[in-house]
Amino acid sequence: MRHKVLTESVESLAGLDSLQTLFDRDTQVFRMPSERVLAEIVDLMRDVMFPYHYGETPVYGDTLKYYIGVRVDRLARLLNEQVTIALQYECNKCPNAHQQAGEVTQQFVARLPELRRVLTTDVVAAYEGDPAAKNHGEIISCYPVIKALTNYRMAHELLLLGVPLIPRMLTEMAHSETGIDIHPGAQIGESFTIDHGTGVVIGETCVIGRHVKLYQGVTLGARSFPLDENGNPIKGIPRHPILEDDVIIYSNATILGRITIGRGAQVGGNIWVTHDVPAGCRVVQSKAKQETTK
Amino acid sequence: MRHKVLTESVESLAGLDSLQTLFDRDTQVFRMPSERVLAEIVDLMRDVMFPYHYGETPVYGDTLKYYIGVRVDRLARLLNEQVTIALQYECNKCPNAHQQAGEVTQQFVARLPELRRVLTTDVVAAYEGDPAAKNHGEIISCYPVIKALTNYRMAHELLLLGVPLIPRMLTEMAHSETGIDIHPGAQIGESFTIDHGTGVVIGETCVIGRHVKLYQGVTLGARSFPLDENGNPIKGIPRHPILEDDVIIYSNATILGRITIGRGAQVGGNIWVTHDVPAGCRVVQSKAKQETTK
Amino acid sequence: MRHKVLTESVESLAGLDSLQTLFDRDTQVFRMPSERVLAEIVDLMRDVMFPYHYGETPVYGDTLKYYIGVRVDRLARLLNEQVTIALQYECNKCPNAHQQAGEVTQQFVARLPELRRVLTTDVVAAYEGDPAAKNHGEIISCYPVIKALTNYRMAHELLLLGVPLIPRMLTEMAHSETGIDIHPGAQIGESFTIDHGTGVVIGETCVIGRHVKLYQGVTLGARSFPLDENGNPIKGIPRHPILEDDVIIYSNATILGRITIGRGAQVGGNIWVTHDVPAGCRVVQSKAKQETTK
Amino acid sequence: MRHKVLTESVESLAGLDSLQTLFDRDTQVFRMPSERVLAEIVDLMRDVMFPYHYGETPVYGDTLKYYIGVRVDRLARLLNEQVTIALQYECNKCPNAHQQAGEVTQQFVARLPELRRVLTTDVVAAYEGDPAAKNHGEIISCYPVIKALTNYRMAHELLLLGVPLIPRMLTEMAHSETGIDIHPGAQIGESFTIDHGTGVVIGETCVIGRHVKLYQGVTLGARSFPLDENGNPIKGIPRHPILEDDVIIYSNATILGRITIGRGAQVGGNIWVTHDVPAGCRVVQSKAKQETTK
Amino acid sequence: MRHKVLTESVESLAGLDSLQTLFDRDTQVFRMPSERVLAEIVDLMRDVMFPYHYGETPVYGDTLKYYIGVRVDRLARLLNEQVTIALQYECNKCPNAHQQAGEVTQQFVARLPELRRVLTTDVVAAYEGDPAAKNHGEIISCYPVIKALTNYRMAHELLLLGVPLIPRMLTEMAHSETGIDIHPGAQIGESFTIDHGTGVVIGETCVIGRHVKLYQGVTLGARSFPLDENGNPIKGIPRHPILEDDVIIYSNATILGRITIGRGAQVGGNIWVTHDVPAGCRVVQSKAKQETTK
Amino acid sequence: MRHKVLTESVESLAGLDSLQTLFDRDTQVFRMPSERVLAEIVDLMRDVMFPYHYGETPVYGDTLKYYIGVRVDRLARLLNEQVTIALQYECNKCPNAHQQAGEVTQQFVARLPELRRVLTTDVVAAYEGDPAAKNHGEIISCYPVIKALTNYRMAHELLLLGVPLIPRMLTEMAHSETGIDIHPGAQIGESFTIDHGTGVVIGETCVIGRHVKLYQGVTLGARSFPLDENGNPIKGIPRHPILEDDVIIYSNATILGRITIGRGAQVGGNIWVTHDVPAGCRVVQSKAKQETTK
């Protein structure tokens, strides 16, 4: 009896009808990038960006090259494989996925030193923004923003190289780990930092300058989706805020729509901003009345 | 000397006095469901609900049945074992825990195809709600709401079948992973979706209709606990909101108490709502004054 | 060709120039505490604090001592090793790091029974604060606050013992797991609890009394950093709130600066508080106007 | 096409006809003891018998009890489970397998100190027999005979307690590891040792006294199986040699049948012995002629 | 200093000169089949041949098909991959290795039911040859000959299908595990068995009939290699013995050269045989004189 | 009751009396080299000696250096740690074990290229001795002699450097894996090979020239131990055979005592040799009479 229930359930679950809606395209390729492999890629990336900091081996001068070499080589292999899968899924048995993946991987590997340089500016920004931090090592090992930005900067690079699916998966993995949700399409300048981070949302078409700082719970979102004449959302239209250099947004502020927060402006906590803020200005909530009762 | 410190500490930690408060019942059964095993159950569940999407093997037509069969069989074994432990913990050596666990498992296995059907409506809802999404596969692999709902819908089913402890553990695991905290007792209709998700809280007695959408930071909570004549909270009284079909709640809104948000109503971001909202209405915050200073 | 790209990238990544900024001190010790080992330490700590609850073995009376003994012994070894690494990183080849680590470990081991006692009061507080909870076991296995507090109380103890880096890493691990971000420097009394928890931030110089309860999204933060005459933030100045006994802070409230929330006071949700609240008072937002449009 | 080949092969392999001969009894219990679990049991046994020698943790005085306690407890659990499976396989759903397994396990646990005592005599015998050995620790960690005897003495004890299948599996595991094939039914006295060991075979009804030493390649076998009136081998008849105390058998000697090698006798290498050897005698091959050609 | 020694050693070890002799062919493909993957293939093969016996899951009727299906599918994937590597190594970038590997795999999968049938005759032969054995299950789980034959029969099949390297690696893995060294080229009939097994060697061109039994230490070897006119060994010439049906060879006998042991003949232990033995005959050593001295 | 049996057994097993004989020296250091770590060292050694052959990654030209570098570095760390443990065990808290281990490790690392060179001659010898072998890669991946010699040559080197315990453990690990038992003290020239190998024993003071070949089951042993005036075996006296260059010993031959097998001599199978064999001679057994009965 018990077995009958099980086999009937299995038959139903494996039936094509049951799966029809999930597969919304005319595809015979049923394979997607693996979250487990992407997690290894992220670990390798962090080790390569910040050697000594996450690795457990006390690597010293002359051997560092060996360790980085092995990690970059493995990172390249795994990335090549996952990008191939993502391209095949996207274009349904696209014929030159292997070749394209090889080129993407090569370009990504060549960009690693530049990614290190930019992430180093983020470490310095976090360090300078927090008087309690004692050294850069503490920032790298204890501050969630560094993990979130390593994933984001890697994902953004892959997005620029035309890789589907994987960029979004990478930033979502950082979202799960840190509570910081950055869309891989956002453009974020150097020396960027986020304090605490839980609940931060940075939308797809955001443009963020240099030396910008956010606090926990900040949303940089869209107001609404412009619709085309058929009532469908128009894709690719800029709909998220622009933050110029040196902007600070305090905790739980919500900035919505394609507005500009000018250079050096500050937005106070818990504020809902839907209009431009001029450079150098400070926007704070007019004191809400509160009632104190005994 | 060092050893003496250690053994004294161990003796104290293993002493019954030291543990007395932790075990608040007259029990001799000291065993609880294992988070590690529940994590494997969740992995199996996700693979069975969305074959191809999380699994790393490129499964093809004829072999899909084998893979689903093995996973459902293992899921059934593990669930049977954990439900037994949970029942025994709950009722303290309850005599027919094994039999009851067997029945629960069988009923749960029989419900799997229906759970797949409902979760598919959630995938479609997330897809249709986000113009940026390219296909259902992207939704399943990249959107945290799908993981949170898979755990929740599984947990809710087990709660209806009378399983203690485990439903709460399952949704808490999704809470840790996604920042979305749904109580397994909440009733949630088909085609439900949450954007971003971090900070969302959905309380135990919520009733949510079809095609409802929430954004990050939304709380559907209780205002206060009704007390009985002895000043103790009365259990089981509906104390969380009702959201009818087609409702949208924007980010960081807080909806408290047993109120009803009528069909098609929309609640703006950062709003604190403690009264009913009529069907079709839109509630937004009257513009708070903000001061801009240079 | 492909190999050339890889080796060039590796050479650049392993070059000292490329790493110069990351290592901001004159150091030859390139090793930091391992997150993987700290994760095992946390698992051991939780098993020792709450035997039976996380462990998968049904431990019974006479053998409990063996299991706790092995876990405490392993915890002591791993902690000793990690504290040594942290001390060496901090003081750059400091000569007596091994001895100091041994002393710290011994003192920490001696404190374990007291840590259990305090954590038990937190379990009871969570249980009494939630009418839905059926027993202490459910609290320990399902409520994220217990995990966050186990890490915090362990980290705070190590901070008091002079351990660098590790306390912050431990609370950050709990932050990632639960969304609750408690600085290890905060002082938190017995019987403390947090409901749901996502987004809670508790700053470094907070002082929290007994029987205090927070809800999700609460920030106990600093207003600004007092600067010294050179414009640098002055370290160690109290800049976060004091919460006296029996205080309740509702969801998403933001309490900023070195203010005092008096004994038994309650702060309503979504409020921004920057001034003292007298004992026994209740602060709520004066009803914000909301517009309902059809 | 490829899928068809696979599914046809699977159908055939899973068909009952295909399996009929393998299952030679009217059984519905298709489960046997697990080699993987038995391997863990052997590891635990070796650690308990020779603490410090195989374990990797530097256990010291006061904590030794904890480590042995945890290992004995786990050994008891695993053994209990595997003995239950073996009994059920043997008697086909035998109703009191659980109870019987519990009793066997308890008696085995009670015998552990005596097994340690006897194995210690084996260590001393190996040490005294090899002038090159520097200490007992070297014997335990480097000499295969100690591993073979630990498995054998454990297996023999379980055989005496009525456990089917497992004793044979345990000695076969040692056979694979060391090339020494001892039937668990053999009776072997204290202070027994084997040098090198590869190719040694000790049959089921052997009786071996104290202080006996064998070299590599020695067979203690049966000549033929006595048949009953129907021509079937009669089971349980003693058919292997008796070696009295202080016997030495040199390499590759073959001793066959229920003969007695008397106290203190020595049998030279490469000899084929099928008759009794009196006590104190030395049997050597009469010099075989060899031709030396250039 | 220490680092210099290491880097110099590494430079030397990675130098092409240092590796020149190891790579005796003009190859740019440096990859060989993986012993680790082959070990998994062997485990899958044993589980598929003898379901229930090595697997740890209590598989029951209706689910057996799922388990076998998943295992055969994985076995096919892994084999496909390893055969591709072996073909590429053999023919140095041979262009159609992928296609050929696919065909080999498919033919091998189709042969699995026949391999099960033959291995079952081996189980029955071992069972009938040992009066102590209680059932077929005991034979499968405890007798090394079954493991050796599973590897051999698999390897022989692959050899017939033209696979290089892997057949030899498979039988060598069984040699390491059981001490039984069977060349994959040997032809061995049904119902074959070996008792104990350590030290048995069966050469490449052996031809063994049905119902043949060997004991431990038996060598079926070559006398010498026939040389061609240049003094090089001629490959592929039959140089090992033929054993007709029902032959028994007792322990440590050595049978050398292309001789024939006739149907039903028996060869006694420790004998050196280099000439034909007629059918039905029994060859035993004329009693060697032994000297007994006191 | 059951618990009482267990705790009594544990108390007894952890008691010092029970362990007294096992620890035959006045020691407080209870730690020995770990077989698990040594197994990793062996894997690293094999990968470094024969890159591409055991590793699973398809390493190509430019990256080979990275892979070898990381493996040699890890090998050096692990060896350093294990040698320290072995030295401390040997000399009981010997004060400069760390320094001595560091020197040993450094010298061993410097010898790696020479070890590769010698092992390559062994590969060539095995290849030239077996006409069936197709290339050096097949020898390395399929022939047990290469594994046995890699362990032996490593162990011999460590023995020369004064390392206790570990050399013997390394060769015993190869003994378990291949059935070939070579004492690390034996001196073995280049281009050495063993066919099949099971049962081969090579004693501590053997001296073996170049281009020597052994077959399975060959023993190169001692006849007896010379005793000193007190009747104790005298250590360090040469007691095993000398085999000069180009010697061949056929299967199961036993060569005993400090005799010399002259250059180019051959010893036939199953022979027992206790006297010198002149150079160029061939010793074979005079045909033993065999009786053939029908």
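Chains here go by letter, A, B, C, D, E and F, matching the order in which they are written, and residues are numbered from 1 within each.
The rule is simple: a residue touches a chain if its C-beta (ideal position, glycine included) is under 8 Å from a C-beta of that chain, and two chains touch if they have at least 3 such contacts.
These figures come from a predicted structure and were not determined experimentally.
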Practice problem: Using only the C-alpha atoms, find the rotation that maps subunit C onto subunit D and quote its angle between 0 and 180 degrees, to the nearest 5. | Solution: 180
Practice problem: Write down the chain pair in A-C, C-D or C-F that repeats the interface of B-D; the criterion is over half of the contact pairs matching by residue number. | Solution: C-F
Quiz item: If you tally the C-beta contacts, which comes out ahead, A-F or D-E?
Solution: D-E
Exercise. Could you put a whole-Å number on the gap between the CA centroids of subunit A and subunit E?
Key: 53
Quiz item: In whole angstrom, how far does the Cα centroid of subunit A sit from the Cα centroid of subunit B?
Solution: 25
Quiz item: For subunit F, what residues touch not just one other chain but two or more?
Solution: 6-7, 10, 60, 63, 65-66, 68-69, 73, 179, 198-199, 217, 252, 270, 285, 288
Quiz item: Along subunit F, where are the residues that touch subunit C in the complex?
Solution: 3-4, 6-7, 10, 60-63, 66
Exercise. Could you pull out which subunit F residues touch subunit A in their complex?
Key: 57, 63, 65-70, 73-74, 77
Exercise. Write out the stretch or stretches of subunit E touching subunit D in their complex.
Key: 48, 50-54, 56, 58-60, 64-65, 68-69, 72-73, 76, 102, 106, 109-110, 112-113, 116-117, 120, 123-124, 127, 131-132, 134-138, 140-144, 177-179, 196, 198-199, 216-217, 251-252, 269-270, 285, 288-294
Quiz item: For subunit B, which residues are in contact with subunit C within the complex?
Solution: 2, 5-14, 18-19, 21-25, 29-37, 89-90, 164-165, 168-169, 172, 175-176, 179, 181, 198-199, 201, 204, 217, 219, 221, 225, 232-235, 252, 254, 270-273, 277-278, 280-286, 288
